[in-house]
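Chain lettering (A, B, C, D and E) follows the sequence in which the chains are written, and residue indices restart at 1 in each chain.
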Amino acid sequence: MSMVLILEWVVGIALIGGAIACVTTENILAAIVRLSLLSMVAVVAFALMRAPDVALTEAVIGSGLVTFVFVVTVKELFAKEDKNEEVH
Amino acid sequence: MTMIFIFLGLSLLLSYVLSRKQPTLGAYFTIIASLAGLISVYLLRNSVGVTESFYYLNFQITTIGWYFAMILLTVYFTSAFFNPFWMDELIYPAAYNSLYLLSLVGTIGLFFAQDLMTLFICWETAVWSSMLIVQQGKSRQAAWVYFVISAIGSMSTLFAVLLTMYLSGTSEITGALTYFTTAPVAGALVFGAFILAGLTKIGIFPFHVWLPLAHGSAPHTFSPVLSGGLVKMGAYIAYLSVAVFPAYQVFGDSLKIQGVPLPIYGLMILGAASIVYGTLRAIQQEDAKRLLAYSSVANGGYILIGILMMDQMAFAGGLMHLLNHAVASAAAFLAIAAVAKRTGTTKMSELGGIIHRMPITYTVYLIAIISMAGIPPMGGFVSKWLIFQGLSEKGLILLATAAAFGSIGSYMYVFRPLSAVFLGQLAPKYEHIKEANPVMVTAMLILTAMSLLLGVLPNLVLKTIAKIQIELGINPIIVNGTATLTENGSVDMLQVFTVFGFGFLLILILFMVLPKSRRVGLMDTYTSAEFIHTPELLHYGHSFYAPFERLYEKWPSVLPLYKRMSMKLSELGEWAESFFFHPDPNRAVLWIVVVAIVVIIGGAQ
Amino acid sequence: MIQFAGIALILIGIYGLMTTKHMIKLIIALNVLELGANIFIISVGFVKNGLAPILTADVPSDLLNFVDPLPQAMVLTAIVIGFGATALGLAVARKVYGKYQTYDLSVIGGEE
Amino acid sequence: MWSPVWLIVLPLLMAFISVVIKKQQYLLLNLSILLNLAVLYLAPQGMVIIGGFRPPFGISLNFDRYAFISLLLIQVLMLFATFIAGPLAKKYGTVLLVLLAGINGMLLTNDLFNLFVMIEVVSIASFIISTSNGKFTHTFHYLILASVGGVFFLLGAVMVYAYTGTLVVQGLFATLGQLPNAISLIPMMLIILGLAVELKLMPVGSWAKNIYGNSNVLTGPIFAAVLAPAFGFVFGRMMGEVVVLNPITGYTLLFMAIATFVLGELAAYRQKDLLKTLAFSSIAQSGLAIILFTLNLPFAAILLLINNALAKSILFWVATGVSTAYETSSMKGLRGVFYNHRILGITFSIASLSLVGIPLFLGFYAKVTAVMAIFTTGLIWIPVVILATAIIEGAYMMKWLLQLWSPAKEGHLASTEEVPEKREALNMTQIVAVCLVALILFVFGLVPQRVGRVLSVASQAEISQVETVAEGGGQ
Amino acid sequence: MKKFISFLLILVLAFFLMTSLNSSLDFFNPPNSLDETRMSNAFIHKNASGGSDPVEFGKSTGLEDGSANIVTSVVVDYRSFDTLGEITVLFISALGVGLLLGAGTGAKQRSGFILKTAAKLISPLMMVTGIFIFTHGHLTPGGGFPGGSMMATAFLLNYFGSGSISTDLKSLKWMESLAGVFYIVIGLIGLFVAGSFLQNYLPTGTVGHLFSAGIIPIIYVLVGLKVGSEVSGIIADFSKSEVTS
């Protein structure tokens, strides 16, 4: 087994695992972070499949901007969580 | 003929314009327009066979079409006399007047249609325009039921029309329908679809539900048209599906009962059922218009049986009964309308003694019901007698029994309004009412005169019917002078009339000579010093035939069945809505997955 | 393997769409679905030991072993479109949050 | 010079410009629609290449009679829709411009992936338009479903590319037909499922109920009269040029479409809310169009789409106008409302009679054509279902007509006392516009054969696929 | 329960999907070379409009398409119309976000000193990187979309740094509008000059040179600017938005 093939398997399993982790979690923030990480893994996958353009785009848009937009959307939830921590 | 349609089309526009200015004016115009229509259609009597095309509609003048059109026009014409007096009750008088003429155009077009498409277009036009008129009466529900039942008929007609056109490759009625002599299986389907339309429109049991609703709550001026006129459209469809459509050939191989193929016999049984059912229900009614509506159901049964027989006598009887019933029922409805105009109600238990104030209306009603019940000197007798003759000749005992039952039952129901509305004591609140307006009286007298004439000289009509029978290739009814000949003997109505007229005179003289009874007030009832809260319950017209009605008041009615069906449809819709149209993205995605699985499994094979 | 992972991601994304009623999580699941689709599309154009479709000085002149550039171009488009839809979805979700103070559709119930 | 590409580019250009000159959005919108109509008239028909590369390599536009008819319908209805929506259309001017560009692109494009892009443009624009009624959860529901549908369509397109090496729509079925059934199955399913969401096909069209059912004077007409026919035409193009169905998938699709039609009408039958009734009616009618396209009867389907688009636009304009003015869309609240609005009532009646398929209106011709066409496939039970369902459709439309016209309690004569207090539903110019559309519908009803002749050319021009489900399965 | 059913359904779908796809796709063994029938071969050999000139980096001139990055040549030349549609999607969603969230007044974001300083340092750097990426789209991986987004990210960092939106949104709108208009105008010039919309009518130059590939770099710059301004707009709208009830 070549290195590349091993890497492919690792990336593939990481993708599936990451996706399951992302979809099944109850915590919104964790889900967002996991989506971002999943996107990062996907960047590697794209690179592995010789798609540098896509990888770059996915890195900037998929894991960067999308995550940002998610986080900004749920910023109230951040605030709520902070409050909860203060209470406890 | 095209000119007639163009003329009527223009006049309906004109009546709209006139009615917008002055509703009564537009209403008077409907009289003129329908009279003009009547005269011009009458003049077509010698141009049978002429075909004309108007746009993509094709018409042909046939004897039967002419006969039907004349009946319809008579009813429309006479009913139109009443229109001007109801304009202030209607919320859309202009629409009423123009739709009145539009439905007239539709019905006449139906009878003169040469091809199936024209037939259907005219049929639908008549249906929806009359539906929009009915809604101006008391009940939207009634108009709706009328439309839905008609729509069942319309859609089955459309199916039959299109299938016929597709299979036969032509749309010309005679040519297309005779195609089925060679294709009996498809023929049976088409026959079923066609006759269904006829059944719904005539109001044959179990499709009769719309009649009491629509007749009972339509504007008073339109009820005569519905009962006397539009119902006859169904008869025409029934005529087409047995006379033009080779029904006896198509069902030639099926089981025969006394020479009648089973499917046709089944339809006759339905006709008999509606005779019995209509009669029994009519006896029960409290409202004069609903009563007459049920009597229309019963008479529709006679007409259907007569037409389905396709023989020398019953067929002639059926066709003649069309006219008799149209005239009589229009007259009866108009009489009730005239009473309602003066008193504001059609409930029999609120009326009584109207004869003292409206004697002419009373006479009109009397003659109409005599004709409807089929009592000798009037036209109704002749036609019912012919039908009965035809049935007993073929040995169809069951049907003949039903017909006889209907005749006897009709004595009961026609006597009820006669007694409750016109005879008896006059209620104090109606002390000051007057005889109906001369215009209305004119219309009623025209119809009464026709009833009488048909009774005395039925040969006038029977000649036309004989012509139709000859065209269809069946033995024509034989008319000899004033006598109608049948194999079981002959009847000369002139003689009958003379005898009855003599008897009537005798009774009249006796009535004049004998001492008068004492008159008491209507509410002069002994009540053990109790105050009467509901005087109408004590009216003698209330529960008129109570002991008799009790025999069958528990019998199931058909209307709940339809209601339950409608409810089931709603429930199905609700189920679909909650199941497939649920506002939940999860469920929709789940359905995507399910469909994908089904497609993959199904498609992989 | 990565092609397989792409299909798996699509299915996991659909699973997510079927199980959650939280608006944000629905959009996250949608993103997982889109990511899976993108990976799958890229993998459709993949060639064993292929080269990235960029001409450089080292590329042999027979130009044989490139991966398919067209799916890559499609994915480029799809990513941007996905971002647009995500942004709009989040904006809508935010409006709902503004109205009901929650992102949970099961709490909101049927809006009439 | 007069290239159909203007139809897409012009609204797009206007849209980009309109961002900075917001005040003129409305003007730009109407201007570009009018110019589009001119382009439609002037542009020669045929295949148009974009980017200078011939079809398999570059993108091309297929501007044939089929596209022409659909584009004409869309431009006209869009013009009226924006005109009648007035202030709302001003606010959403840019979005409507992009929507128009997207729809035109969708109808013109000859490339599967380009079609996906255009569908996305249209669906995102329609999300935004649907937010204008302020029911954001419904928009969200729509957004999720449409996005899933979009992804499915994309996957289907890509798989088509993977198997055939081409994305050109025209004649793709020939290439796909050579593939074994097991291979072409999945991409076909994905493409149809992707479109099914927008087509409101039954299990996946659940968004339509609330989006249509809460519409305002902008969303209702846009969705029912512009988007629905547009996607219908796209589906027709797909069925004619791309989709290869084996009998079982064909029957599955047919079954889904029939279920959409029947259950949609049943659901409409029980509604007590005018807009919801119209919503389900739209769902059902789109089911009928899908039935016809699936049976490969494009002529009847086109006729039906045109009739529905015209009728539904009128119905939605009147319904939303009236329900906004009287702040209710329930049967009880709107009883007798047409007494105040005679002209609107008459247009509404014409539209509903045409929708139900009553003679003397275009809908009747459409229905007859559809049934006659289905007879040729030998599936006689489908016309029976269609006509039986038409009874239900007629029943609820008439119920509404009767209630809206009659200011009366049940069991009483109509009286002016029951008439709701008069309010302005649509202003004079809007009424004139609605009347114009009603007039078009009416005139089409008077000359159906002529309309049919024009359309039959369009349907022949478009559909090259011969094999039908009926032929495949009926043997 | 719901999860279980969903899980089960997904498993069933996965099973049948895999068995169905198995006949056509080999999940673990990609093909060794591109199928002859795929049109991409023409993109690689740059012979879509006929011609059989060899393609060599740094040498070939006057090819039908002059971009060294084949993906770019597909995105901006062969299938430029898709890209126009794509930026339209972004445009319309930015507009939609603006319509939905635009009412917000702008919330102040508290951020620490380190973040502020770092942001101020990094953001110009990113801006430059972004511009580099989309100007070299026809040579190196990247192009207008990541480049534009990079610019937008710089904008975003700037926002974190300063705590408020400093860039004038009005000018962003102008940039967005003008970039789009120019894209279309360049395309329309193609229609008038060369006969089809978005045709590459400038000389394509030598493959691999910065000033080559005709209109490709111009369009990619425009795309970059447009994407940048649109994404910035989206970010700004999201950041400003407050929960309005």
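Quick note on the criterion: a contact is a pair of C-beta atoms (placed from the backbone, for glycine too) under 8 Å apart; a residue touches a chain by one contact, two chains touch by 3 or more.
No experiment lies behind these values; they were computed from the predicted model shown.
Connectivity note: excluding chain B, the chains that remain are still joined by touching into one piece.
With steps allowed only between chains in touch, the distance from chain D over to chain E comes to 1. Of the two chain pairs examined here, C-E and A-C, the one linked by more C-beta pairs in contact is C-E.
With centres taken as mean C-alpha coordinates, the chain found closest to the middle of all protein C-alpha atoms is D.
Chain centres here are Cα means. That of chain A falls 76 Å from that of chain B.
Taking each chain's centre as the mean of its C-alpha atoms, chain B lies 68 Å from chain C. If each chain is reduced to the centroid of its CA atoms, chain A and chain D end up 39 Å from each other. Separating the centre of chain B from that of chain D, both taken as means of CA atoms, is a distance of 43 Å. Multi-chain contact residues, meaning those touching two or more other chains, occur in chain B at positions 583-586, 589-590, 592-594, 596, 600, 604. Residue positions of chain D with contacts to 2 or more other chains are 113, 117, 120, 124, 127-128, 131, 137-138, 140, 144, 148, 161-162, 182, 185-186, 210. Contact with two or more other chains is made by residues 51-54, 57, 61, 65, 69, 73, 76 of chain A.
Across the assembly, chains come into contact as A-C, A-E, B-C, B-D, B-E, C-D, C-E, D-E. The residues of chain D lying in touch with chain E in their complex are 1, 3, 5, 9, 12-13, 15-17, 19-20, 48-54, 56-59, 91-92, 94-95, 98, 101-102, 105, 111, 113-114, 117-118, 120-121, 124-125, 127-128, 131, 161-167, 180, 182-183, 185-186. The touching residues of chain D, counted against chain B in their complex, run 137-138, 140-141, 144-145, 148, 152, 181-182, 185-186, 189, 193, 202-210, 246, 248-249, 252, 256, 263-264, 266-270, 280, 283, 339, 353, 358-360, 364, 367-368, 371-372, 375-376, 380, 383-384, 387-388, 390-392, 394-395, 398-399, 402-403, 405-408, 410-416, 449.
Those residues of chain B that touch chain C in the complex are listed here as 583-586, 589-590, 592-593. Within the complex formed with chain D, the chain B residues making contact are 56, 89-92, 117, 120-121, 124-125, 128, 131, 135-141, 143-144, 147-148, 151-152, 155-156, 158-159, 162-163, 165-166, 217, 569-574, 576-577, 580-585, 587-589, 591-592, 594-596, 598-600, 602-605. Residues of chain D touching chain C in their complex: 113, 117, 120, 124, 127-128, 131, 135-140, 143-144, 147-148, 150-151, 154-155, 158-159, 161-162, 210, 214.
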